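Okay, handing you the structure first.
Labels run A, B, C and D following the written order; every chain starts at residue 1.
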Amino acid sequence: MTEQTLTVRFFARLREELGTEQLTMPANEEQTAGDLLAELASRGGPWAQLQGSQPVMIAINQAMVKPAAVVKAGDEVAFFPPVTGG
Amino acid sequence: MTEQTLTVRFFARLREELGTEQLTMPANEEQTAGDLLAELASRGGPWAQLQGSQPVMIAINQAMVKPAAVVKAGDEVAFFPPVTGG
Amino acid sequence: MISIQTEDFDTASEYTALRDSGAGTGAIATFTGLVRDHGDTQDVSGLFLEHYPGMTEQVIAGLIEEASRRWDVRKARVIHRVGRLLLREQIVFVGVCSAHRADAFAACEFIMDALKTSAPFWKKELAEDGEHWVEQKASDVARGEAWDK
Amino acid sequence: MISIQTEDFDTASEYTALRDSGAGTGAIATFTGLVRDHGDTQDVSGLFLEHYPGMTEQVIAGLIEEASRRWDVRKARVIHRVGRLLLREQIVFVGVCSAHRADAFAACEFIMDALKTSAPFWKKELAEDGEHWVEQKASDVARGEAWDK
């Protein structure tokens, strides 16, 4: 049996403050992006900010989603601060 | 005594249809741009269109005005169709 | 700066001049109008543009002043061609340089809209069956008036 | 067409390409954003722009598609730079070619506004006392949302 995983990516301030650009996490059944965020926040330290006062934006497979969006094995999930281009 | 006059100019379709680019008219006391327009329209023929159904725009000394604006000796009064540049 | 001219213009050098507007410049909005290759009637081969020399420049200077009162305008440039123009040629250029993009867009669009209803230019379409003066569009009048609200 | 690149761009050649958009073209609106020489803080010497490769292009393609549904868009071009940028350098270009000026202005401004709130770019200001990430502006969010009304 292959382990079911998903890829998590961080950008900009989050990438820097977490010291993490990308990680692989086990994919659970009926898991939302918000659940993932809570799981990562529970690591404490800088990770706690994922559920802090600063907004965190979420993309699944490179499309913006709400925290209630379901994540599946093989997905690329990204967390990042509000965008500031242009 | 110098004769008191004003200059009247026509542009675009009006210039062509009246066959007139510019003319000199006597300047009367308490005369408005609308009075001038009526006086010119009374010449009949193509001039009648100055009081016809097509709108005529008016400028005195190169600033757009309403028909009630007073014209004085020495003024440059222009009559033209609605503008269509750009 | 305002130019009324028969010659064509080079948007590249206009952009370069707008960009060189000193400190605080963050946004440049430009608009260029071309002679469309099918006008109000078929078989149009070009346009002839007449204007009221002197008044045209005054009206446009007034529009730039008004735009500068309403929005942050670091530099504004208007070029309008007159005389005979072929299909696809450039007619008009409006460029605005500002600290902020909302101001650049608003000032540029305002100047262009207001020019269409208040600057003394008249277009004549040149077609195979003769020439005819273009009528003012109600939609242009409405767009011009919308800025007064 | 969409380009995300570290190199600078040439608005002149972009304009030429937009102008060459085939029959019916009458209006070209462009917007260029520059690095302002005084940012949110003093002593800023430049910017660093990070993006999410792949997603960026998808988001912008979606914005161009939406603009093309809402307005007449003959051609649209978006260029956004990433990496290290000095003061006064060009950051972003949006150009739209349309039959009509109202459509050209609206589509260009919509793409630019929506890009600011939905395309995954992040700016970091580089100052003498260190670097700091730029916060999203409430005014940008409001402008982005205004297009939904």
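Rule of thumb we're sticking to: a contact is a pair of C-beta atoms (placed from the backbone, for glycine too) under 8 Å apart; a residue touches a chain by one contact, two chains touch by 3 or more.
Being a predicted model, the structure only gives us computed values, none of them experimental.
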Touching subunit B and also subunit C, the following chains: none
Centre-of-Cα separation between subunit C and subunit A, whole angstrom: 49
Whole-Å separation of chain centres (CA-atom averages), subunit A against subunit D: 26
Intercentroid distance (Cα basis), subunit B paired with subunit A, Å: 73
Residues of subunit A touching at least two other chains: 86
Shared interface positions of subunit C, touching two or more other chains: 33, 101, 112
Pairs of chains found to touch, sorted by chain label: A-D, B-C, C-D
In the complex with subunit C, residue positions of subunit D that touch it: 11-12, 15, 19, 23-38, 88, 99, 101-102, 104-105, 108-109, 112, 139, 143
List of subunit B residues in touch with subunit C within their complex: 9, 11-13, 15, 59, 62-64, 78, 80-86
Contact footprint of subunit B on subunit C as seen in their complex: 33, 49-52, 54-55, 58-59, 80, 91-92, 112, 115-124, 133-136, 140
